[in-house]
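In the two complexes below, chain A is the common chain; its partner is chain B in one and chain C in the other.
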Partner chain A sequence: MSSAQIEIQLIASIVAVACAIPGTFLVLRKMAMISDAISHSILPGIVVGFFITQDLNSPLLILLAALTGIITVVLVEYIQKTGLVKEDTAIGLVFPALFSIGVILIAKNANDVHLDVDAVLLGELAFAPFDRLLTGGTDVGPKSLWVVGSILIVTVTLLILFFKELKVSTFDKGLAASLGFSPAIIHYGLMSISSVTTVGAFDAVGAILVVALMIAPAAAAYLLTTDLKKMLALAIIFGIFSAVFGYWVAHWLDASIAGSITTVLGLVFLLVYLFAPSKGIIAVMYRERQQQTEVSLLTFLLHLKNHDELEERHVNHLNEHINWQKVRAKTVLDLAQKNNMITIEKNIVSLTKKGNEFTSKAINYIMTNEDTQIEDMKDDFFLFRG
Partner chain B sequence: MKKVILLFIITLVITSCKNDVKNEENINKKLNVVTTTTMITDLVKNIGGNLINVKGLMGAGVDPHLYKASEGDVTKLVNADVIFYNGLHLEGKLVEVFEKMEASNKTPIALAKEINKRHLIGSEYFASNYDPHVWFNIDFFEKFAEKVTLVLSEKDPTNAETYRTNEKRYLTELEKLREDVESAIEALEPEKRILVTAHDAFNYFGKSYGFEVVGLQGLSTATEAGVKDVQKLAAFIIEKNIKAIFIESSVPKRTIEALQKAVNSKGHKVEIGGTLYSDALGSEGSNEGTYVGMYRYNIKTIVSALQ
Partner chain C sequence: MDITEYIKLVFTDYTLRTITLGTAILGAVTGMLGSFAVLRKQSLLGDAISHAALPGIAIAFLITGAKDTNTLLIGALISGLIGTFWIRGIVTKTHLKSDTALGLILSLFFGFGMLLLTFIQKQPNANQAGLDKYLFGQAATLVESDVWLMAIVTGICLIVMLTFWKEFKILLFDADYTKTLGFNTKFIDILITSFIVLAIVLGLQTVGVVLMSAMLLAPAAAARQWTNSLSIMVFLAAIFGAFSGVFGTAISASQNNLSTGPVIVLVAAVFVAFSFIFSPSRGLLFKQIRFIKNRRDLELHKTLAFMHHIAETHEDISHPHTIKLLNNFQGYTKSTLQKLVEKDYVKLNGNMWSLTKTGFETAENLYTKQTTEDE
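On to the complex of A and B.
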């Protein structure tokens, strides 16, 4: 592996961490799309910068880009505060407007210059190692490594200093205000960090990858934990894993690095989405199925409680009388037997003492909706978990 | 914990695969040359022949404005001794990357720099920006060939003689091409020499042979044509009674088809004269896969459609 390849993975990993931190808070605040919005709305900043300097390579262009990013955030916040539209609508209103201002400026004044976001922000991970930072003639590493490294240090420092404030203002704005720190300041701080990270990371790795690195790891982590610290840690782990693994996928396929990393991010999220222990789609499906069976069980037990006649309690009766399919009847019978709620003698079903008590409690719960008596039942049955 | 994980990953990445790149370089003593567009790749292959390893970054049909790097391109660039590229922002930010490489031991050469700025077509609004599609002027492409020969001879003096022989042969080929092109265009009356294409790639071609060139999109293929552009151009086509407009191989044909519909809806009939190769050559191995073949194909298409 050449030093260029190591540097690419290093840059990708650092960007992954720098994006995962604000990304986690953005996902929790339902503002995830702000990174996508910023990647578009920086265009007018770049165009105006070009009009001033007439030079596509001037750092002023990137500076103005970051500034437009912050303007985007302020405008989004302003529209949101009116309370007339939702968060995502406000984002959707602001960034196309800013982007089209950029497009119109180009069309009117610079149609014959190759001026677009790609021409100013490098956005290509493959070339990052060749853009070196030289101080006094010595090569100190790729420029993007220094840029994203500095962004990461600032982000981590701010995260450690303001962790409590961020946490409280994310989950309970009212409490944050009453505790004496303004949620607005924290919000703008977070958004500014997101904006600077987006523009800086944009230059290093490209737009799509920045958006993916901000959202996918945080969204996957969100499905796995309800603890903020754990969510941050998981998002960072997912980000770094995807960056390094995605790089090697690109190596094997000789494909775009950013594309491969984004694909791996998507796959990581898909796996978590399917297999997460409590919020995953498979867990949810299992739970719903189980609840259905349990409702049937309860119906069956009630039936037994209300009927003493032998013919009503015959096993075959389940199929005929309550009109259940054979498979379902068997599942219900098995479940009831497993919990010692019924006994079957010569194909006649009878309630046990436990079964009798369970049924009374369940009926009582359904009638009064007081859940003090059924606490112990929650462990065995999904039905009573609310 | 985060830092520990990060450090762990970094050490893992650094220690796990420390293959010697130098080994590869030693095995391969031929000069490693990296090129950008297919035109330059073809030129360098003609002059270097089997004596050098030529690796082109952009394949056939790839629009240089929109080129995306693959992982393999990193290794190509790492191992490169010489890099030949067009310049004038044709390769986007890649140009800037190459300019920065000048400090390293690689030798990036912007071939368009060989052309005197006086001959370049500048931007109407911004003096320091030029039209990068210079290869359509055969004189300029000859300058490219001379520069490539010079650089290769300097880098690899033992084979300098062969490079010069190859150059001479190639320049004769270009000379023949120029004569054929001129005589083919002679057949077209001057008032019929109007070339309408998808984007502004043929300005140098137009300047050389007295064509009026109109591109539907601007210089950058990333911008979209506006409705007004289409309407204005449609009126222009009707006014000048133009018979055919052209698609480009590396630009989607949608916009040109929209233009054709706009013209036809006004009762004038304009045909799509065929596909021209603008920013990239045809697929490798085909006739249009070489600069000379591409140029002949373009001329044949243009002349037969406009006649």
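On to the complex of A and C.
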């Protein structure tokens, strides 16, 4: 590994961490799309900043662009407050307009600006190590490493200082306000950090990857845990893993680094989405099937309990009466038998003592509108689940 | 170049005519379908889908090796649909919210598309140049066959929309009721969503991935301000969309270095801003005027109630009092007093005022109304 390669991976990892932290809170606060809006609407800020400073890494440019990001948030909130359109429409109206202004500004001054819309949106990490920061003639590393590094330090410091406030205001705005934390300050603080991170990172990885790095690790982590600290840690781990692994994929395919980091992020999310222990899609579908069978079982037991007549409990009649498919009927019957809730004698189905007790309790809960209790009760009665 | 000259040019110049027609048709169809997206609270779906279409374009190119617009659009359509249904899967099956799902699909698909595009660029295939025009759109590359394609798709959209108008409308406003009526809500839902995806994919070539969402939203959001009727809204949105296309093309054609897509979006944004401010029933301007008017009415009533309070203490209700008495009362101004005189509630006589009979009765009723409301 050459030093340039190490530097690229280092920059990518730092960006990943710097994005994962505000991203986690954005996902939890249901504001993920704001990051997309900010990442597009900083374009006019960057262009104007570039006209003034002629340097993509200048702090003034980052400040100007971050200001545009905050203006976006304020505009979105203003439009929302008028009640003329819904929040998501407000987002969708503001950022394309600002982005258009940016594109036109670039196009009108194409001859004297070395700035390209592609570069802003997509970034090129491969060139990051060549833009060195020199202090007093000595080379102290790539410029963008310093930029994203300082953003990360600020973000982490703010996170540690205001962790409690962020946590409370994210999960319970009312409580936060009554405890004396201003939700507005925390909200705009988070928005400012997101803007600054987006601006600082776009040069290295591009605006779209910033969105991916903010949302994807946090979303994947949210499927695995409901503990805020664990979620933050998981999001950071996913981010760093994708950054490093994505770099090597890009190296191998000879393609865009930003693109392959995003692709790896996508794969990580896909895996978590499919296989997360209790919230993954497979687990959810399995649980839905299980619950479906168990509800059918309960319906079946209730029917048995309501009818003492032999002909109502005859297997053939039950087939017609409940009108289940053959396979499903068999699953339900098997489950009931395995759990010792029914016995079948000469094609007549009858409840056992245990089945009777279970059904009576279930009826009680249903009559008193405490359906949720049935789930807990199932643990006591079922040896085998559906 | 003055306007008549430009209009003449639109009819004679092939490129300009194609672009103007193309953007107008595109604006109309996106405005039409965008109305449904906005009302279904799927405003940002357009943004997500347009980004999600990128890998489809790249894969279609990788498979066929040719830059045929139609095959690329089919690729875009397929990957847009996959993105849409994945978003739906995430929202319904997990506890992630729709904004997270949209952001995820948007950025992940787009990133994957970029990976494929850069991969294609390294391939020894001379054909690959110009694929990235789908990123930002280039209306200038529109040819007549593209416009025909747009016109045909718009026609199909229109026919389907008119056929299923009742179903679309009822699903929009009361999904549960639709289900109880026995309509296949899933089918209608998929139909609307597919057409929205189709409209977005059509627009990619003209305005590009990033700005497509605005084309879908802006005309619909503007139209929403002028009416509460769905059919009028869809019609207005189509008109706004078409005009954004025509004006945008005109403005960008009249100057150098002005790409069409962003200008169209800005024109649409102007439509939105205008509608937000000047719409008679919902607009900010008239809302402010109504607000001021209400406040004046309230002040008038307050003054009247205060006068009534004073007049009550006298046996003769029309007993004159000095105007100075009112000076330490907040709601009092010269103009409110003048208005009360106009309404014949109060009589002025030099520096003295007195309540008339009607004034006293109105004030009394005002008073009782307030007390009953308080209780």
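Side notes on the structure shown:
The definition used in the following text is that the second predicted complex is superposed on the first by the 298 of 386 C-alpha atoms of A that agree within 3 Å, B and C clash if a C-alpha of one lies under 4 Å from a C-alpha of the other, contacts with A are read in each partner's own complex, and residues count from 1 in each chain.
One rule holds in what follows: contacts are C-beta pairs under 8 Å (C-beta built on N, C-alpha and C of every residue); 3 or more make two chains touch, one makes a residue touch a chain.
Note that this is a predicted model, so its numbers are computed, not measured.
Once the two complexes are laid over each other on the shared chain, residue contacts for A:77 go to neither chain B nor chain C. Once chain A of one complex is fitted onto chain A of the other, the partner contacts of A:254 extend to both chain B and chain C.
Of the two partner chains placed by the overlay, only chain C lies in contact with A:30; chain B stays clear of it. In the superposition on chain A, contact of A:17 is made with chain B only, not with chain C.
In the superposed pair of complexes, A:97 makes contact with chain C only, with no contact to chain B. Contact with chain B, but none with chain C, is seen for A:127 once the two complexes are overlaid on the shared chain. Of the two partner chains placed by the overlay, only chain C lies in contact with A:212; chain B stays clear of it. When the two complexes are overlaid on their common chain A, residue A:312 makes contact with neither chain B nor chain C.
In the superposition on chain A, chain A positions 103, 107, 110, 118, 121-122, 250, 253-256, 259-260 are in contact with chain B in one complex as well as with chain C in the other.
Those residues of chain A whose C-beta lies close enough to touch chain C in the complex are 27, 30-33, 35-36, 40, 79, 82, 84-86, 88-89, 91-93, 96-97, 99-101, 103-104, 107-108, 110, 117-118, 121-122, 208-209, 211-212, 214-216, 218-219, 222-223, 250, 253-256, 258-263, 265-266, 269, 273, 279-281, 284-285. Across the complex, chain A meets chain B through its residues 1-2, 4-6, 8-10, 13, 17, 54-57, 103, 106-107, 109-116, 118-124, 126-127, 129-132, 134, 139, 156, 232-233, 236-237, 240, 244, 247, 250-251, 253-257, 259-260. Of all residues in chain C, only 38, 41-44, 46-47, 51, 89-90, 93-97, 99-100, 102-104, 106-119, 122, 132, 135-136, 210-211, 213-214, 216-218, 221, 224-225, 257-259, 261-263, 265-266, 269, 272, 276, 282, 284 touch chain A in the complex they form. By the touch rule above, chain B contacts chain A in their complex via residues 1-2, 5-6, 9-10, 13-14, 16-19, 21, 65, 68-75, 77-78, 89, 92-94, 96-97, 100-101, 103-104, 123-129, 131-132, 200, 218-220, 222-223, 226.
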